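Below are two complexes that have subunit A in common, paired first with subunit B and then with subunit C.
Here is the complex of A and B:
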């Protein structure tokens, strides 16, 4: 049967276990060059990959844990992605639409990053 | 965003298309350009698009001067294995730090890279297989043994814990391996990751252990049935597994658990019923049955799946009630007949409630009800018979009284059992029918020579004429009349008595007592049938116009005028008339006068006397006309020709014995006779008449 330590472990894993929970707070996204982008957790959830991570059982403490490194994503691309997060949140209500501008020269890299992040 | 990006890319890369010249080429990515031009707009890339992606990744990395390192399968898997082991440790409760976001992304990225490498380093298939193997390995090495060495309730608890763990493991691993779901799995229509994980548990654990689990659960349920306390939450969780493991279908729950539960329930209650039917009286048995049904229903609410409710209750009802219906209902001193006899309404209500749920369960009860009522009615008939035949001959005039008593009793009987039908049997048609048929049986029996119908007819007659020995309100009279449908019955009765006479109802001579509720007090009005009919119209509306009254009563204007006059312009103003004068005109409107009052509690409202005299005079005139005609014709026939004056004089003399005719009338009759070709005027002398043959 379960001992005290086990129970604690279980409990920790069970936390945040429903996908619908709204996280408060921020995450830090770090590009290949080391640039740090701090975004709301809600914005980060636009990416399915990040969302899966953030809502997996076993919460992350705000301070140290909430950072993610992307050694393969360059700074301008990561920046664009963060912009996209906020654009998506803003216009997802569907009331008004505006185009998300994508500079042609970054499209390929952006597409790959988008694929990786499932955004 | 992938779709937005690919759309943008498409436009950028349409360099070669003259239609879109305004994109200036930047950078040189010939391979990517040509390939990505075929990328779809959909969120997930097509197979070709995916290949392009892969190629682009390589070329981009090459351009940036970094070769993306190919991850070897062994190496990559070893890394994943570390993560999986960490997860297992956490689940087993070993001291192990939580996954950091770094850990997470690393694991995810490893899979991602291994899946987006160029062949032969695209390890999607291998990773998919290893994913499954991870579960299988963990289950067989850790989970199965822990379950195998436990039994009964302990085993159930372990199972619940292990299932919960398993679900967590599936969730984590499927997220690490998520990239497989997106392209590899969907492209080849393979089983998705989550389902693979759950199926492992089902195939390796559930299938082996389900029999034991089912047995343990049912044992606990039976324990609870015997009154012991059990852990309901545990059962709820265990049964939850049966439902969830069906992966969307209820098959596992139904086949591996519910079927057995139903069988066990049947056996359990069959046994109980066998002893109860012998030991308990009918009401007690029914109370127990009702309690059992209640408990089983609660059971569903506490831990069974809702879909079991209907089937479970049916089994219980079948074993306790349907199987034992006859012995139960026919129990000597406490069965249906006894309950009816002893007026046990609550028990009868319970009986109805219980048996109404069984197919054709109510029929025997309705039959018993019918028999009982018939017996009671027949007993009354016999009673009346006996007292009638026991009477001394000189008291024959008391026969009327006895029969009245008999009819009253019949009415009481009817009232009593109508109440039973409405309340105990909730107005079910089967019971209405039974009551009706019962009454039909004994109403056709005779009492001292007269049929019940005749007695009822006499009864009605008495009511209508004298208002009988007991004071009756109008409602009671109406009820009584309704019950016996007296008009029909009386008609039939009259027909049987006097075959050659025609029965004509003289409505104008009937009287009626009406209770009128005025504001001050209720006064009984004694009125004729017609007046009553008119007053009853005001039950439906407060105000009626003259024309409405005429239409609804369907009487002649003269009659209506008389009626309205008696009610609104005479001594007692039951109705208010607008305008409030003393004559009735077709434009009048009438309203019920709620403010009317009188010091008497009962008043008679007479109709104004018909102007009889006028009528009489009219009639007499008519008769006289014929007499005059006859006389004139007689005279002219014998004389053939006569002057006017002479004719009139002769006529008067002839009729002098009877009456003195009016000269004008005679003249008129002569004119009439001329037009009817009995007489004619002489051509040269208008004053002389000739008889026409």
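Here is the complex of A and C:
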């Protein structure tokens, strides 16, 4: 589940539908254990917290460096979140109709993260 | 009162352990220090959004929303008070005064936007649940009450607007258009007050 290839492979899957005024490029999300997920900015911005982080007028370090560390989100949870970002983009554009699967054992932790990320 | 599922999960997670006072104060300080940096526009690159957001988030989650709100309001008010002080040092040239007032207003609105993003969780949860003014509204209110409507700015503003106001047919210049927009954001009452006062004694 935690294979690096898997995460990196997922990152660039959907580069093609970069459209409109949405920012292009990618952003690196780093889990508590230091595992890095590279996702499209567009996908990351499914989370309102990440959207604010990456667009806030303050010129914060995240905006400059294009990476965000989450010392309180574990790797499996962050991976699930990244999957959700892409699922959500596809679902809202009508390309995806199946439900997003959540394993019961991570539900609570995932909900906490979702609350934090405003997703 | 039917507690939502949402809240039950939160209290389950934290087992009702409140945040200790030292941690709460530390988190608050991180946020208020950042507010100072944001207004000073210094050191911005060293501010880590995630850390600040997490400080604010944890405070609200552990029932310290009130503390965060008050400290944030104080920090913001102190910065705005500093701006008011700096405005009184501006020369008595009406154009220059309006320009300086506007540039500080833009600094303030930008800072408020950044602060709002950091304490978004408070805005979303604590502010709504407790019927407080949102960070944006608070920013407008502080600016209106302690800068524009203050005893040393208002008379100068009215006088400057009277002098810089374009003749009836002329389009407003950039500065006047900006001032007009600022006043409009501060609410009808202030807007009309300044405009009436500045045209009254011609």
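As a convention for this text, the second predicted complex is superposed on the first by the 88 of 119 C-alpha atoms of A that agree within 3 Å, B and C clash if a C-alpha of one lies under 4 Å from a C-alpha of the other, contacts with A are read in each partner's own complex, and residues count from 1 in each chain.
By our rule, a contact is a pair of C-beta atoms (placed from the backbone, for glycine too) under 8 Å apart; a residue touches a chain by one contact, two chains touch by 3 or more.
These numbers were taken from a predicted model, which means no experiment stands behind them.
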Task: Please work out whether A:112 is in contact with subunit B alone, subunit C alone, both, or neither, and reply first, second, both or neither.
output: both
Task: Name the chain, either subunit B or subunit C, that contacts more residues of subunit A.
output: B
Message: Looking at A:52 after the superposition, I want to know if it touches subunit B, subunit C, both of them or none. Which is it: first, second, both, neither?
response: both
- request: Have a look at where A:66 lands relative to subunit B and subunit C in the superposition and call it first, second, both or neither.
  value: first
Field: Doubly contacted residues of subunit A, that is, touched by subunit B and again by subunit C
entry: 48-49, 52-53, 56-60, 64, 68-70, 72, 108, 111-112, 115-116, 118
Task: Please name which positions on subunit B make contact with subunit A in the complex.
output: 1-2, 4-6, 8-9, 11-12, 23, 26-27, 29, 32, 36, 39, 45, 53, 56-57, 60, 68, 90-96, 98-102, 104-105, 108-109, 112, 157-158, 161, 165, 168, 171-172, 175, 178, 182
Statement: Residue set of subunit C touching subunit A in the complex reads 6, 9-10, 13, 38, 44-50, 53-54, 57, 110, 113-114, 117-118, 120-121, 124
Field: Contact set on subunit A toward subunit C in their complex
entry: 48-49, 52-53, 56-64, 68-72, 108, 111-112, 115-116, 118
- prompt: Tell me, which parts of subunit A touch subunit B in their complex?
  reply: 1-3, 5-7, 9-10, 12-14, 17, 27, 48-49, 52-54, 56-60, 64-70, 72, 81, 84, 88, 100, 102, 104-105, 107-112, 114-116, 118-119
